């Protein structure tokens, strides 16, 4: 079978991981990645011996890279011509500019949560609306919190139906190594409702959602508490069973030493996962409580890597590699080693 | 009118503020405070010229204090004999021991949230169950989060009735200056339901409450998100009006620069409040959202000082100074300068 | 005696404290403060009943203030005409613009560390070069770290002479309540030598100084370690004695509970100091170590308030209120309650 | 050639990395690791398919492991009998107990920095005193800060001689995932001189060293500033050259995006290093400053992995695998992929 050729524009936190994720897919080929300057990820790529070919997104500034001896395989425009589909993981707003280039060569593209919704034909989640992405040209993925949250809500929705949900997002404010933003000894409240609640309703319009987001000065994963009102009653045990069977959800226990978001990061490092990444969200067993029919629980969102599986699902849908969400997500999961 | 004589056992974070609060009441007299060792608060008391008389809780170790030249006015047992009622703000578990001393001299006492419930005859909140404390000998106050939360829930309950609530407590893990505990770059999840939800149901048994608590590495105030299901519908404007009229609740706006818990602390300092303390909880106007009949909002809990007003209410109830909650809390508010 | 009339431009972290400091001086009169927008400090001023008159620095935007009901006593230009001397505590760069206004009305002004050196005729420190400020029209104060460091170095220099010093500045990255900058779980290294070492050499040109600055994610005070090579040997006991006698230096002990910068902040709050401020730097007794003739120690710099005394010294010098540093600093110390 | 058989007691932060490091040595064989309970590292080992055999250090509590289905290959005593030499990376104090077991079977052992010095015959550093470890039975390694610091000081000492040094250790207070200790918004000063300065003098007795340690609330690496007085003058360029040639030292530039300790951790993750580990210390080029003959610079110490190379050197010395430090460290470096 001919492999689907993929390129990545923007080799930052998400772009690096998209490249790694594609490289693991047996039915895809990573043609190359594009960036502008010798950022730390690009320097690491160079020190690692250039496992991925690098293209410059600004040919007029190629010397930023070549002055450091970093080999450049061409321009972003060159890369676009060589691929079937592009991942665009550039800074928010650049994707809309790059889109013209993708259109020029009649190539499909997948944008990230930071872009505006109108950059894409479809706002996509691998589990919740795979079918809508089939054959689409331009898809936008949900952001990290929404992606992880929808995994959990979708799982409940398929089992017993979900009427409404109210979420509190305890957001990590920066990634490890971020120096351009940060909070010091402060919690910060965002105006409600959070965009994640609104985005969930866009993807799953039959659910009523609201929520509040509070930034916290940590780097290793968001925590979301979700109060869910299901259509039919679901017990704590049934919910646990549902989550344990989900390939992209881990059930963890405080009693086993998983005390918080930093435990999850440590555990991923100890598993030997590249960069200490985790694709799965985690649900704490001891956090699950019932209140009448409502059920409440806490989720861990590993912000750097959680969106990678659904992004790869998007390629599968857009390129019609698999024609159902069940098949598409199963292939992604297989190659990423989940379950 | 004869002033009610009050003593404070334990001159730590809460004990200092109880002493300050009592000293402001025109109808109470602070007889003295008791502690054991020359902690920073005791050293500060000494450097300030001993505005409050100090008693030793361990006469056999009086030299810990006198060796530093700190004047000691007697023992805790001496203090107890001079007062009408004691505040016990000692470390968790010590209150139960001290209770024997209070009983020996037939004195009333008010314990803090860290003590077990059975130390007291009544679990008390100035607004929610003042009447139950009238004439009681031993009262235990709700902890800081529960105290602040009940203020808001009680206000809604009086207006439209409250059926149920689900809370997420984004907890500050230590006070400023705490070195004996702390979190570094980590969120920590506690088993659910949080004790605050359970405590709320003890005080207000007609409400169904549940919740999840997550520790965060900050020092300047907890933030609680509360989803409230009222009996009758209440609009955002009505809720704002309710909170704005409450003497112990502030409504603040992100648009005015109140971005989070650290803004509240800064503002209290800029107001010139002693120690930068704030008695009022704050509700962010922009955090209030409706979801069907449910209403959700975020509260700031200034953990060091929030319990002081309700503690003083407890003296008023126990000593029968005022016979209704409305009158008792109004007197406390007047002397503490709230509204 | 006629009081010296003082105005403050910029009512932020430093401006508020300059105003408070001037208001405490028996021989000065605070005419008013100027700012532009209803920041939290201005809102706090308003809620406190306008203890200081407020002037607008942008008359064309006076409605920013009046729309909130905040009374405005005139423009910055009005204020300048009413005073003998201005404190300029505006954001870096604005002082240079305001200087034209001060010159227009032939008024003296004192700028803060964020302005460029050429804004002023003299780079000033109350202890190290008071005499150079006498009668000067435009003075610039050293920044918080340099101000505190020079106190300690100057004290040693007067006693035994100082040949050289090497410092490490462990810098707090933001003030409490700052949301516009921050670090999260990161230390940040600045290019060496730090400007504080260079500034020290400008003020005390006979000393050779170098140093490295590292930002840390905390808010309650910088810590500087200083290695000092004195001309003549000085013992740990002699150094302690020197520091203990200095009105703007505290000697504290880890053994007494002063474990770090957060202890100092807590202690200032417990002393009842307004805003929890501390004018004095602190030296940890247990941090002092000898290495041959060299002596090393750690200093705490309370960044929000440490520069206030030297700023007030600057008024005394510029207005020729006292003609020696010994007399000038003594008056400042007396009114600020130090020693 | 027969491979040296190695066991690891204590499978925590250091024990895991010792096991990984040994597994990479072509002339060593990792026989197994021992621990007591199903900690996160042990759970990760299990989930990873048991790449290393696990032994129980408490056979009477083997069910702690087997109840979770984790296969146990025997007891620590069994493991000791199978190896030539043990790494003991148990909690401080346990090593002294385990030593009896090592003596019983006449096996050599290498202890970590947390044990008391008298547990070992020699206090060891691969570069500074390899020869003293040759054939020794019990060696103790320097702790992470001292290990990294000595690399730099030893390099200068070999080139131009070192007379004295004064260090400031800006210490990360916890590792990522640590929940049992932490600081929140506080710096903490330790009594001086720091043990690292004393330890340096034990290893390199011809150098006079002193220093101060300050804890900071971060997790990704200590930063040390070192002021070094060399015997002969050394320029910044010569120092850079020296460090750049050192296999266990990286020279990095702020201008290249290495802004602090968190940049180093991010970079190691992006390099794909297991757990995001870095064996090398880093020196910031822009931090190097001269002051007369003295030279000052800032070092990054990746606390979790920095001691691994010197530990492996210790096996080489103790087992007489190489008879000089130059040869021993070169072999370690080769297998760990440094330079």
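Should a chain be cited, it is by its letter among A, B, C and D, assigned in written order, with residues numbered from 1 in that chain.
Criterion: a residue touches a chain if its C-beta (ideal position, glycine included) is under 8 Å from a C-beta of that chain, and two chains touch if they have at least 3 such contacts.
Since the model is a prediction, treat every value here as computed from it, not as a measurement.
Q: Any chance you could check whether C-D or B-D wins on number of contacting C-beta pairs?
A: Looking at contacts between chains, C-D has the larger number.
Q: If you average the Cα atoms per chain, which one ends up farthest from subunit A?
A: C
Q: Look at both sides of the subunit A and subunit B contact and report whether the same residue positions are involved, with over half shared, or different ones.
A: Same; most numbers are used by both subunit A and subunit B.
Q: Taking each chain's centre as the mean position of its Cα atoms, how many Å separate subunit B from subunit D?
A: Those two chain centres are 47 Å apart.
Q: List the centre-to-centre spacing of subunit C and subunit D in whole Å, with centres computed as mean CA coordinates.
A: Spacing between the chain centres: roughly 42 Å.
Q: Identify all positions of subunit D at which a residue touches two or more other chains, and write them in rising order.
A: 176-179, 184-186, 188, 217-220, 259-260, 262
Q: In their shared complex, at which residues does subunit A touch subunit D?
A: Contact set of subunit A toward subunit D: 16, 38-41, 43-45, 47-48, 175-179, 184-185, 220, 256-260, 262-263, 265-267, 269-272, 274-276.
Q: How about subunit D: which of its residues touch subunit C in the complex?
A: It comes out as residues 164, 166, 168, 170, 172, 185-193, 208-212, 214-221, 223, 225, 227, 254, 259-262, 284, 286-292, 294, 296-298.
Q: List the residues on subunit A that touch subunit C in their complex, please.
A: 173-174, 176-179, 181-186, 188, 217-219
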